[in-house]
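Could you have a look at this structure, given as structure tokens, before my questions?
Each chain gets a letter, A, B, C and D, in the order it is written, and its residues are counted from 1.
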Amino acid sequence: MPHYQIAVIIGSLRRDSINRQLANGLIQLAPAEFSFKVLEIGDLPLFNQDCDEHPTASVTRLKNEIAAASGLLFVTPEYNRSIPGVLKNALDHGSRPHGRNSWAGKPAGVVGASLGTIGTAVAQQHLRTILAYLDVPTLGQPEAFIQIRDGFLNDAGAIANDNTRLFLQGWMDRFAAWVKLHAG
Amino acid sequence: MPHYQIAVIIGSLRRDSINRQLANGLIQLAPAEFSFKVLEIGDLPLFNQDCDEHPTASVTRLKNEIAAASGLLFVTPEYNRSIPGVLKNALDHGSRPHGRNSWAGKPAGVVGASLGTIGTAVAQQHLRTILAYLDVPTLGQPEAFIQIRDGFLNDAGAIANDNTRLFLQGWMDRFAAWVKLHAG
Amino acid sequence: MPHYQIAVIIGSLRRDSINRQLANGLIQLAPAEFSFKVLEIGDLPLFNQDCDEHPTASVTRLKNEIAAASGLLFVTPEYNRSIPGVLKNALDHGSRPHGRNSWAGKPAGVVGASLGTIGTAVAQQHLRTILAYLDVPTLGQPEAFIQIRDGFLNDAGAIANDNTRLFLQGWMDRFAAWVKLHAG
Amino acid sequence: MPHYQIAVIIGSLRRDSINRQLANGLIQLAPAEFSFKVLEIGDLPLFNQDCDEHPTASVTRLKNEIAAASGLLFVTPEYNRSIPGVLKNALDHGSRPHGRNSWAGKPAGVVGASLGTIGTAVAQQHLRTILAYLDVPTLGQPEAFIQIRDGFLNDAGAIANDNTRLFLQGWMDRFAAWVKLHAG
């Protein structure tokens, strides 16, 4: 049976990030043949093209982990109506050097958590623009703008609210099918 | 006579950045009552909300320099159809902590340099979205998507090509008037 | 005392448009020296560059009404994560023919109403991109993504909910100051 | 052998539209099992939700033609840093009424022609945002921002310039594979 390794990229470095909680809850809804690895992006240097040919160990690790993945799961907050700088910095590193874009061809899904109701819609549009350029086929619907409140995960680490869990199960089913279609 | 101090934010960390060249050429076209200071953004940490209340010296310096400025000049490349992560990271730092957005109310202009013809149009749109949210009044026209070739600056450090210099002089005149209008 | 005539452009043609309700409620919060006129955009033809030099009466009327205004108030729903085609069509007509952009220099504000919580944030970003290109100085903050429920306007035609009215009063005060600053 | 019928949507109504020329040139590069039909969008009414349940014959025709297609080819100019209102109006009609989005699931490609060098990059980003929402899987790379000059098509109606034809052949090959993958 084929196995699908998904690289998870979380746009926030906060220890108690609600997007990390969302990722954790979502991962539990995946089919058995999927596994997930959260990529570390907090130890990357700020991208500087002068260093393209002498990447740090953290950059090389990131690119290797992307290359090893069958698909990508982006879970990100919105900062100032765009994606966080820390996430864009990781995207920039993975795309370089010129001609060695590690993201290309990896099927992806995009979700985001927010505390308020306005949500992460604009950030996700910017991310989709970037992913299209990086040649990353990205799942369209269902969009997922998830409002997180205390108690999002129950004591067992699962999504507590039935409606939210059902919605995200539907999202995960579409995502899994999308990865399988594109991972060939 | 009033004096206008402009904070210049360059989106690339490359030593020989063409956007730095563009900034240098542009600054020379400013009225006498304007001075310019390029802000260092390459020594900022990756933004982490957990550190909001204990900023590094580099973050405090950035926020003080923004606060001291009468206006903002963004000069940025496009990376992967958006602004560089390094620039977004600086924007995120300057906007924090919640309620202490240093950018608010500072009039701004946006220009960008590229080697190819496609230019920096999409990055500038993302930047404009972010700046509107940060309550930064941003000059609309003329847009400036500048193609840079060898010899952009002559030996005296001025813009070599007559048409480009004339266009950028017109841009600077509009920018200066915009700053004066909003700086009250 | 100077008088400010504001052209109101509503992105929906529905008779019972919630954005029309929002416009009506908002207009009542304006200072005494402001008056408002809703522009008709539902009788414009689909823009065709071949007709640039022979505009219909509706196109000429639209351009004259824009020219006569001191400022612009856009009140629009989001359709399919962008502005409605009907609104973009009006923007295109007002911008033409080449060199005779009627929108240029008119200070503007952008608000939007939705039934759901996701709101009109992405549409407003697209609109801001277009307005920047059209050289329309557009108010940044406060953003206004208004959720409309039955009873938004009371029997007297005023905004029923105290918090919403207070928020929109603050919006209108900022908008009025913005128009005055730019209308010189 | 399976056959693929592609609906072509051209964003300009001009008789001598350079985007129509681009579409005509591109169609000739398609594999034998592909055929193309340009959809008429110039006779659609401006979208009004009140008419959702009583569509004009032109709206019904559009929706039927989309439904019959295996894929979508968008060829569009940029107007005022977004897609033309006429194109957005067609997208809005095809997406309605609620729950009967005709575009959903149809694989698509996006190209654009311009006279100048800045091209259609921003319009294409807005279009990609809309298409993602409409659940249209859209080809990422190669992007196609085509500068059109006199003599783009030769007397035989083929793309005259060798480099441009070669580039667009590569684009068409990727597009055809994308349609086949998603048309299942």
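By our rule, a residue touches a chain if its C-beta (ideal position, glycine included) is under 8 Å from a C-beta of that chain, and two chains touch if they have at least 3 such contacts.
Everything quoted here is computed from the prediction, not taken from an experiment.
Taken together, chain B and chain D share the touching chains A, C. Compared on C-beta pairs in contact, C-D and A-D come out with C-D as the pair having more.
Chain A and chain C, compared by their mean Cα positions, are separated by 36 Å. Taking each chain's centre as the mean of its C-alpha atoms, chain A lies 30 Å from chain D.
Of all residues in chain D, those touching 2 or more other chains are 81, 122, 125, 129, 132-134, listed in ascending order. Chain D contributes residues 12-15, 41-42, 44, 46-50, 79-92, 95, 122, 126, 129-130, 132-134 to its touches with chain C in the complex. Across the interface of their complex, chain D is touched by residues 104, 125, 128-129, 131-138, 140-141, 143, 181-182 of chain A.
On the chain A side of its complex with chain C, the touching residues are 81, 117-119, 121-122, 125, 145, 147.
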